[in-house]
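Following this message is one structure expressed as structure tokens.
Each chain gets a letter, A, B, C and D, in the order it is written, and its residues are counted from 1.
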Amino acid sequence: MTGEQIIFLIVALFTLGSALMVVTTRNLIHAALWLVATLFGVAVIYALLNAGFMAVVQVVVYIGAIAILFIFAVMLTRKDLRDNTPQTNKNWWAGALVAALTFVGLVFTLQSWSGFSKTASAVPLGFDAISQLGEQLTSPTAYVLPFEVASVLLLAALVGAVYVAFNKK
Amino acid sequence: MNEWLYVALFIVVGMIIPIGAIAAGFIFGPKKPNPIKQSTYECGIEPVGEAWIQFKAQYYIFALVFLVFDVEAVFLFPWAVKIGQLGLYAVIEGIVFVGILVVGLVYTWRKGMLEWV
Amino acid sequence: MIPLSWYLILAAALFGIGLFGVLVRRNAVAILLGVELMLNAVNINLVAFWRYGDMATMAGQVFAIIVFAVAAAEVSVGLALVISVYRRRNTVIADELDMLKW
Amino acid sequence: MNFWNDPLKVAAGWLEGIFTGWGMDAVLAHVLVVFLGVFLLITILMVLDIFLVWIERKVVARFQDRIGPNRVGPYGLIQPFADIIKLIIKEDTTPDGADKVVYNLAPILSMMSVLILWAIVPLAPVMLGVDLNVGVLFLIAAGAIGTLSIIMAGWSSNNKFAMIGGFRQVAVMVAFEIPMLTMLMIPTIFAGSMNMNDIIESQNVWYFIISPLGALIFLIAAIAELGRAPFDLAEGESELVAGFNIEYSGMKFGMFYAGELLHAFTFGGFWAILFFGGYRFFGLEQVSPFLAILILVIKAMLGYWVIMWVKYTMMRIRIDQMLGFNWKFLTPLSFALLLVTALMNTLLRGADGWLYILGMFLANVVTAWVALEIARSVSKKERERVEGVKQVAEVHHS
């Protein structure tokens, strides 16, 4: 086993462990903080995949903005933080079964695919992902339409959220 | 070798040193807790009620606008890296992109959501 | 070297955990936390396919960035809905939001 | 290659030789050497941090026509060490009902978020730090962890004031992060790269000269990000009893305090790197890496001095004015400046060097002038409206 594989396994276990804490913790602020840990683990996974830009963006967007939005929303919507009512449905076992079946089904389907245990080719020398990304995001023959549509989507989200949450009547 | 390994080393050492400093304080400092000392400080007055007070919706709006512009920056940084080698069309695309989002800022502003109330 | 399968299994497991959270949690904010986990699982897949496929096309990373934008939109509108519901009904428990039910 | 020209490589090669001589794996030896280097750098930073306390106190004393610390040691130089010893032997209290794990994690994360910023600082042409191609965004990512640590501290203290202070501080930090992000794109556009070293290498003319307005907005946003006066409303030492860190004592408080000072110095350094050419100074940096580090430290100190100058000479403003200033003036202005810069950069491409600099400079001046004119006319209208309301009220009164 190489060093890279050991690092991957540690990070993957950390990520999955904190993800489990996210869905099981009673205190919602703790759940949000565990989400931060999970997302940080995912950022490390991106770094292992040689996608440095994605790793930094993951930290900037998820930890810097989305996690904070979650914490603010929790603060805005709780009556009592120490509520002792059950945090899960009555039929939580059915949910667990569906989730487990989804996981098994996904792995089973993927396993029959020929490229399942592919190994990565080396990164080409002088390959600059960010520069490539900039070119493709603005090139009319590539992804300029998603680029502009993303802007419209964000506008719709901002206007919609402001309207829905704080429309003073 | 992956350059992120160095960043990981920085994170590790950056945690070790504050932990060491705090541990030093823990070792050398006196430890005589009592209920009065451990009560929270509220300007010398006895703490009243719950600390988890209800808070203002304005914070959520600020975080919301920030989130939107944060994601916008994610799209714009690759654009900014490449813009020096691309033609005028790329600049116009950037102007359209930012322009659409500024509409959102203006909407929030006109709704009076950017005021600190 | 790490084979592609490891990343795919990790993503599938993360997706499963997220799905569990969405199905099981009663609090609407917690359900949105589960959705975040699922979106991240998708992103791991996209970036892994970019790394193990043709790196020069960048399609995987572009899609992943679009997913970031979608996640941001989903969270902002979703949480705004939760806050709005909380103001009207004074609860964020998804089971109790049964206004449409007879 | 000798020690004078490339000390890092010589020292690292020597140490690695020793480690492999002990029969250690080559990769492991390399990692260990890098670890020791990082440890050394961070230790130096912490010692510098202790002296920053002294520098800050001396400078504020001069601004206020005092002498400052002068009892302990020559010029009071030993004073900060006495402070450190005091902090260490203070009792470390935890308030009742605090969330222990989160409470203790917050100061560690706060300090860590500042220390990791130095991973991307190029100290000299041969000491580049970590050569990340996402350097500029790394700055924001580290800031995100700092923001999170403040929320954690404010929430876990089980104190109303800590909570209010923490959330106010976070609201301010996220608000001013938008102009900061936007202004970070300006050096990126000029250099065509997010790598800190590329940004320094491409600064044959300081970016401060090409984009003075950008440098100014970055400085304002950085000061707000640091939570220093005149933007310390969030903490409000006189109203909110110091805000998010009120319940912290001893070394944990020390971590927040030291983190804030080092953060200010670090941002002075980044201001120097992004807009004032970093370690470059008329070719002197090529003579020796030691000279390059000295140049960078002097520039960073000057940046830090400007931040202190602003802090100790400006009056404070109200928090609504401060956030209004950000949302209604700084954010639109920074977007306008970004687009103008991108447009001019494309239009002036291939132009003569002097013409390019002049064009960029004028574009900045015109943008600033237009923004100020708009702000002036708007505020004039606002003043008239307020006056009108007052007159109506007076008529009713009499």
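Everything below uses one rule, namely that a contact is a pair of C-beta atoms (placed from the backbone, for glycine too) under 8 Å apart; a residue touches a chain by one contact, two chains touch by 3 or more.
Keep in mind the model is a prediction, meaning the values are calculated, not measured.
Colleague: Can you list every chain that touches chain A and also touches chain C?
Modeller: Both chain A and chain C are touched by B, going by the contact rule given at the top.
Colleague: Which one of the chains is closest to the middle, using the mean of its C-alpha atoms?
Modeller: It is chain B that sits nearest the middle.
Colleague: Would you mind checking which chain's C-alpha centre is most distant from the centre of chain C?
Modeller: D
Colleague: Could you let me know which interface, B-C or A-B, is made of more C-beta pairs in contact?
Modeller: So, comparing the two chain pairs, more contacts are at A-B.
Colleague: If you average the Cα atoms of chain A and of chain B to get two centres, how far apart are those centres in Å?
Modeller: Roughly 18 Å, centre to centre.
Colleague: Using mean CA coordinates as chain centres, what's the gap between chain B and chain C in Å?
Modeller: Chain centroid spacing, chain B to chain C, equals 21 Å.
Colleague: Report the inter-centroid distance (CA atoms only) between chain C and chain D in whole Å.
Modeller: Their C-alpha centroids are separated by 33 Å.
Colleague: Could you tell me the distance, in whole angstrom, between the mean C-alpha positions of chain B and chain D?
Modeller: 14
Colleague: Hunt down the residues of chain D that sit against at least two other chains at once, touch-wise.
Modeller: If we look for residues of chain D contacting two or more partner chains, we find 27, 132, 137-138, 140, 167, 170, 174, 177, 194.
Colleague: Touching at least two other chains at once: which residues of chain B meet that condition?
Modeller: In chain B, 3, 7, 52, 55, 57, 59-60, 63-68, 70-71, 73-75, 77, 80-83, 86, 90, 94 touch at least two other chains.
Colleague: In chain C, what residues contact two or more other chains?
Modeller: Within chain C, the residues that touch at least two other chains are 65, 68-69, 72, 75-76, 79-80, 83.
Colleague: According to the definition already given, which pairs of chains are in contact?
Modeller: Every touching chain pair, ordered by label, is A-B, A-C, A-D, B-C, B-D.
Colleague: Mind listing the chain B positions that touch chain D in their complex?
Modeller: Contacts found on chain B: 1, 3, 5-7, 9-15, 17-19, 21-22, 24-26, 28-33, 35, 37-43, 47, 51-53, 55, 58-59, 62-63, 65-66, 69-70, 73, 76-77, 80-88, 90-91, 94-95, 98, 102, 105, 109, 114-116.
Colleague: With touch defined as at the start, can you tell me which chain A residues reach chain B in the complex?
Modeller: 44, 47-48, 50, 52-53, 55, 57, 60-61, 64-66, 68-69, 72-73, 75-76, 78, 81, 130-131, 133-135, 137-138, 140, 144, 147-148, 150-152, 154-155, 157-159, 161-163, 165-166
Colleague: Can you tell me which positions in chain B touch chain C when the two form their complex?
Modeller: 57, 60, 64, 67-68, 70-71, 74-75
Colleague: For chain D, which residues count as touching chain B in their complex?
Modeller: Its residues touching chain B are 27, 30-31, 34-35, 38-39, 42-43, 46, 87-97, 104, 107-108, 111-112, 115-116, 118-119, 130-132, 136-138, 140, 157-164, 167, 170-171, 174-175, 177-178, 181-182, 185, 188-190, 192-194, 241, 246-247, 250-252, 254-255, 319-320, 323-324, 327-328, 331-332, 335, 338-339, 342-343, 345-347, 349.
Colleague: Contact residues on chain C for chain A in the complex?
Modeller: Listed in rising order, the residues of chain C that touch chain A are 1-10, 12-21, 23-27, 29-30, 32-34, 36-37, 40, 43-44, 47-48, 50-52, 55-58, 61-62, 64-66, 68-73, 75-77, 79-84, 86, 90, 92-93, 95.
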